[in-house]
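Below you'll find the structure, written out as structure tokens, and then a few comments.
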Amino acid sequence: MKKIEAIIKPFKLDDVKEELNKIGIHGITVTEVKGFGRQKGHTELYRGAEYRVDFVPKTKLEIIASDEMIPSIIEVIEKSAKTGNIGDGKIFISSVEEAIRIRTGEKGESAI
Amino acid sequence: MKKIEAIIKPFKLDDVKEELNKIGIHGITVTEVKGFGRQKGHTELYRGAEYRVDFVPKTKLEIIASDEMIPSIIEVIEKSAKTGNIGDGKIFISSVEEAIRIRTGEKGESAI
Amino acid sequence: MKKIEAIIKPFKLDDVKEELNKIGIHGITVTEVKGFGRQKGHTELYRGAEYRVDFVPKTKLEIIASDEMIPSIIEVIEKSAKTGNIGDGKIFISSVEEAIRIRTGEKGESAI
Amino acid sequence: MNKINRILTVLGGLFLVLFSWVTPVFAAAAKTPKFVPGNIAWVLASTALVLIMTPALGFYYGGMVRKKNVLNTISLSFITICTVSVVWILWDYSMAFGPDAFLGIIGNLKYLGLAAMGVNQHSRYDGTIPSFIYVMFQLMFAIITVALISGSLVERIKFSSWVVFTIIWVTIVYAPVAQSVWGIGGLFQKMGALDFAGGTVVHINSGVAGLAGALVLGKRKGYMKENIVQPNQLAYTILGGALLWFGWFGFNAGSALEASGLAASAFLVTNTATAAAAISWMLAEWIHSGKPTTLGMISGAVAGLVAITPASGFVNPLAAIVIGLVVGVLCYSMVVFVKPKLGYDDSLDAFNVHAIGGAWGALATGLFADPLINPAGRGLFYGNPHQVVIQLITILSVAGYSFVMSFIIFTLIDKFMGLRVSKEQEAMGLDITQHEESGYNL
Amino acid sequence: MNKINRILTVLGGLFLVLFSWVTPVFAAAAKTPKFVPGNIAWVLASTALVLIMTPALGFYYGGMVRKKNVLNTISLSFITICTVSVVWILWDYSMAFGPDAFLGIIGNLKYLGLAAMGVNQHSRYDGTIPSFIYVMFQLMFAIITVALISGSLVERIKFSSWVVFTIIWVTIVYAPVAQSVWGIGGLFQKMGALDFAGGTVVHINSGVAGLAGALVLGKRKGYMKENIVQPNQLAYTILGGALLWFGWFGFNAGSALEASGLAASAFLVTNTATAAAAISWMLAEWIHSGKPTTLGMISGAVAGLVAITPASGFVNPLAAIVIGLVVGVLCYSMVVFVKPKLGYDDSLDAFNVHAIGGAWGALATGLFADPLINPAGRGLFYGNPHQVVIQLITILSVAGYSFVMSFIIFTLIDKFMGLRVSKEQEAMGLDITQHEESGYNL
Amino acid sequence: MNKINRILTVLGGLFLVLFSWVTPVFAAAAKTPKFVPGNIAWVLASTALVLIMTPALGFYYGGMVRKKNVLNTISLSFITICTVSVVWILWDYSMAFGPDAFLGIIGNLKYLGLAAMGVNQHSRYDGTIPSFIYVMFQLMFAIITVALISGSLVERIKFSSWVVFTIIWVTIVYAPVAQSVWGIGGLFQKMGALDFAGGTVVHINSGVAGLAGALVLGKRKGYMKENIVQPNQLAYTILGGALLWFGWFGFNAGSALEASGLAASAFLVTNTATAAAAISWMLAEWIHSGKPTTLGMISGAVAGLVAITPASGFVNPLAAIVIGLVVGVLCYSMVVFVKPKLGYDDSLDAFNVHAIGGAWGALATGLFADPLINPAGRGLFYGNPHQVVIQLITILSVAGYSFVMSFIIFTLIDKFMGLRVSKEQEAMGLDITQHEESGYNL
């Protein structure tokens, strides 16, 4: 089992979610985050004073999936989250040791 | 050291936290997240037009704990977060290599 | 590649970010979280009734970096996030298997 | 003589001209006085001011509930404006303020649909203003009285049941109470009860109905067990409270029905008692709980507005300070000591503030009514202990009638259509489940 | 005789004193009547009430958009207050309400900069009030008319272009329409068109201009493809709606220009139709979509306010209920059935509610105008079918003029400076890109 | 003779009737005039309008601060309404507007507790309205003056110290300034200073006190080092600004104390200058910083309201445009150039906008006062350079007095009870630490 964390542009969430659905991924946990990276933030004005706001609103997806699903998930995210502009985001993969479904107590891949 | 990530129903947070406290877990980091899963979202109306809102508000707990604590933590969460209905959530376990307490510089298990 | 998760006091974010920049870290993902730990929350009043609010607002930084950067990142965070008071937070390190830059498809260390 | 004659002729001619102009004034003064534009202007403005009080109440209440119930809470007030406005025109004004039909407790149906009311008809209640504006001014009182009740019921009452409730209650509870206290020939009116702007009719009436509703509904899930108090945006509550204060000048000073010294006096004591009550509640909380809260200040202000309402056309400025100081501590004590002890879930304290504050105000009117302010009222401290008795009879009668009738109405609605949302709906929140909307997309 | 002489002397002396005081009254009554403080008080208050309607509109609109556009949406209304206020003083009042210069469609420039207007000059439109207050009262109507248009354009119009638009439109569309419908000697005024408070001048005029703008601008990105409807804070919309209702009493009852029975009547029917329309829209949605939404209630209320506007000084309370009930269902149907079918992106339904609701109201005035309410108006149901024809001509003329002219203005602005923000700006939101601000830091 | 006799008898009889009715009018005209309901209606409405300005100020300020301070900031305004309302009745009205006790700078204690004031007493300041309403109208000015000061102090002043400050300051700074500028026999009043609605008494007075407070308090932690500017919800600021604009009509046009052409004129120039100033600030920012911000527009509007205040009863519409255009650029420059250079932390610019804008307005009154608008004022451009001198003396005297006294009061409070919250409290926010509440649970 692996965990995929993808940082994407917020307005791409709907697309990505739909494409993931199509390949059978139904469990996703989403967090609103702020990103610092190459993509620059914006400036804001307050009574003539200019302030840099460095962070960029981003959306983080977390998906726990079985090892064999990983390549296709990555492919789908790469495609559907891409705009070609700076700030499209990252995908990180790490390993997960166990998963448990609270409702049923199921463990392992059947829990995800 | 392991990291437990539990996605639970928001209104269960207080219960879960209390039960964890009882078994000596005092450090928890909590994030408000949106979940996509089997539990369906809801519909919203805007001037007669109906929109599906797919996500369900969830709460994510992150607990870093020593290996021996893991089974009891899981047990406690499973019990106290359970309602028996779809959407009760998941528990994921992964391994953590190091922990550091910023204030004191302590490392390892004494830092958690 | 490793992932550093640091839970810090929110008002330290700017400092930490700047210091990380100085050592060449430009990619950070930041989440607003609530922390339960040794640092106590506060009480709130509502028409004479007192309620304990246990959680403390915290900020979580996630940085994926190459193994050799890890010690200096830890050092920088430890220094710049420290106030010496309870609640300064924690740093957790775990391993990451792969990173992909969505825009270019780059993989591994060149993606972070 | 010629000269005299000519002078007389001229004089006489002028006199005729003058007379034809002056006569109607006297005639009118004798029967119905002429419209006075200044009075009309003030009552029109006051009516608009009282209208804004009900959405203000929605915000006052809406800020205090959990975010999942914010829209529903505001809309309970909002829909009340709509239902009561229509019902009022169709039949309710006539029942509340039409010529008395029965024992001084209910008006006849002369004004059904207002069909029999002319655009330039002089109001029976103050001949210097048109009837239509009196209808509107009183409508605004009926609206807010009903809306106030929702404060005891929020976070669990079914929206559809609330809509039905508003129509029934304003008909069979509000109308008779209004007629008997304010109607020409009303039961308590004839007894000499003093209620300048609605201590009994509005506040005791609604607060007691709220308690009845809270009892029929039962407590919110988790009440007194977990912290279900997470006011979503207290600034709404302050905004609502401030607009209530603003609108209340129309409520109290408008109740003079004329732009006069009495209106000015009502304005002054309203502001004074409100300020005093805000300070008093704040200090009570500061001493008792350790901090002066913004919610405490605004709650105290509302309590002050409630208490001065019946007294506003009768008492002098110093009495207003006393009335305000007392009500702040009194309502704070209700909320902090009595409510948890008795255990009823008066969610936003409609009963604790309006019924109790209103009762104190009605009683205080019997104590402090100063004939130098208004010759129509003389209280205990000005040598008329009898007034206190009249006030007590009125308070208890209105409270008793309202409680019993409201309890029956709530119970019947519960029987026929269910009064409370399901447990799941309560947990998900009423915004989504009653309206399929959510308060915030931030 | 001595006695008689003495008496006569006394009488004469008194008479002189009296006469010198009475005469001007008569003289004034004959030519310009005296100022009536009560009327002035009411029109001053009404003007303030109408002023608050435009920020209220900003909040009504602002709550409905996505959070990235909230400040921009509110500021479209806010800046309109500023630009129109200055333009009005400089030239626009004179063009709209000055003595007619040409065919009853445009005023002359006599009042340029108001330089020729004295502080105690009696208004040409109602001699009991000063000209200055009439200028202000009418200004508030001009402001909100322009601001209403923004409801069709939000979430994509360039701020700078909007500013330019407001100045041009209020000059070459609003002024002629106002003069021809309301001006002394105005084209439709002479024909006998009835528009008490602005069904054609304000609502049809602005709603149709909104449609023209929506067509020139094109649809928002994602419109009808994805869910771009995420109202950031619906309580703002309720707040705005409530303040609109409040202010509208000044709009309609103030249009009597006096504190009188007619003002009271306008007040009453305004409130009644609004309540009926809110209920009607709510029920339509409840039946059609399954839930009564708070947005539905408040939208219905606004539709009711729109529809009753032209009729408010002419119809009786029961007609008001009918007008309200019809407009609620009508505008709901526009929004739910017609708009998606035709596919124009009238973002916040300025056209669907104001043009359609205003047209219904103007027509209904021709149907229900009751001479017992106001002898100046007699509708079809009171034996005057001709009035309906006049109303239709006026509705179509105003709608046609406004549509064509607005379309041209929008197109020209688009040519010269661009009307719409770039795609990236639309995606990032107009708060950041137009103002470098963000609505929330929570 | 018989006939003559009879006619005379009839005439005489009628005359007596008439006389008995007419006489009091003349008598009153000679001494105190009769109450005029229209005037009372307008001043009552104006007083309510001015009341709402202080909560509006709370929201105007509250939207600009960080979210951890939102409730505290609003409550600084709110509690001021309460404390000043009570103090005013008890002693402060008498000191500010009672018969002069000493050198034209302080009233005597005749009206302590208002005990000696009858309900139908004619106001000394305008006999057509009752004294009680004048007391209330002036109270609202006192309240907002004190509340304005908080704009320089927010995000760091201790709540308890603020409460104490309001009581002391309104007594020993506000009362003498009001008496000397507006009191009958007041020092500057006798010199001929023109201040229609409070440029000196309200705005210079409060703005300068704010600066004194900011200096005693010191800068907020991080000021000019990090970005401590994160307005939590700018729509609050717009809402507050809009309600300020609305209420300001009562402030300025109400200051005529009658419903008259002068009130209408004050209304008109108020609106005009405000609009011009909003545009001017917006353009200044657009040119200087690249974007027109919503905060800029609303700040400009407030600056315009401030500047026109002293001039509102004296200048014509075109002068109002000039006054507005100048103040927008002037206050923008203060905020952008002067403040950072001098380094004082006038958190929300109470000094920069109110003291500077008020001073410009007071000066402009001396320049533009047009005797055709109000014969009581003639400025430099109408041939009276002396007026400018009087205005300057008044401005400097009020500013000097207020600064010195306020500095002393703040310093003493700091000594005795501490003026500023602790560093930890400042970091945690004042909502939690001063009130144990939080602004949002979203």
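Here the chain labels run A, B, C, D, E and F in written order, and each chain numbers its own residues starting at 1.
The definition used in the following text is that contacts are C-beta pairs under 8 Å (C-beta built on N, C-alpha and C of every residue); 3 or more make two chains touch, one makes a residue touch a chain.
Predicted model only: the values in this text are computed from it and were never measured.
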{"item": "Each chain counted as touching chain E and chain F at once", "value": "A, D"}
{"item": "Same or different residue numbers at the chain D/chain E copy interface, by half rule", "value": "different"}
{"item": "Chain pair among B-D, B-E or C-D whose interface repeats that of A-E, sharing over half of the contact pairs by residue number", "value": "B-D"}
{"item": "Interface with more contacting C-beta pairs, comparing B-D to C-D", "value": "C-D"}
{"item": "Cα-centroid distance, chain A relative to chain B, in whole angstrom", "value": "18"}
{"item": "For chain C paired with chain F, centre-to-centre distance based on mean C-alpha positions, whole Å", "value": "49"}
{"item": "Shared-contact residues (touching 2 or more other chains) in chain F", "value": "4, 8, 11, 36-39, 41-42, 45, 231, 239, 259, 289-291, 293, 295, 435-437, 440, 442"}
{"item": "Interface hub residues of chain C, defined as touching at least two other chains", "value": "31, 45-46, 50, 94-95"}
{"item": "Chain pairs that touch, as defined at the top of this document", "value": "A-B, A-C, A-E, A-F, B-C, B-D, B-E, C-D, C-F, D-E, D-F, E-F"}
{"item": "Touching residues on chain F, where the partner in the complex is chain C", "value": "226, 427-428, 432, 435-438"}
{"item": "Footprint of chain E on chain A - complex, ascending", "value": "11, 14, 42-46, 50"}
{"item": "Partner chain D, residues of chain E touching it in the complex", "value": "4, 8, 11-12, 15, 18-19, 22, 26, 36-39, 41-42, 45, 49, 66-67, 230-235, 238-239, 242-243, 245-246, 249-250, 253, 258-265, 267-268, 271-272, 274-276, 278-279, 282, 289-295, 297-298, 301, 316-318, 321, 372-374, 440, 442"}
{"item": "Footprint of chain D on chain F - complex, ascending", "value": "4, 7-8, 11, 14, 17-18, 35-42, 44-45, 47-48, 51-52, 55-56, 58-59, 62, 70-72, 74-75, 78-79, 81-83, 85-86, 89-90, 113-115, 118-121, 129-133, 135-136, 139, 159-160, 236, 239, 259, 434-437, 439-442"}
{"item": "Complex contact set, residues of chain B against chain C", "value": "3, 17, 26-31, 64, 94-103, 105, 111-112"}
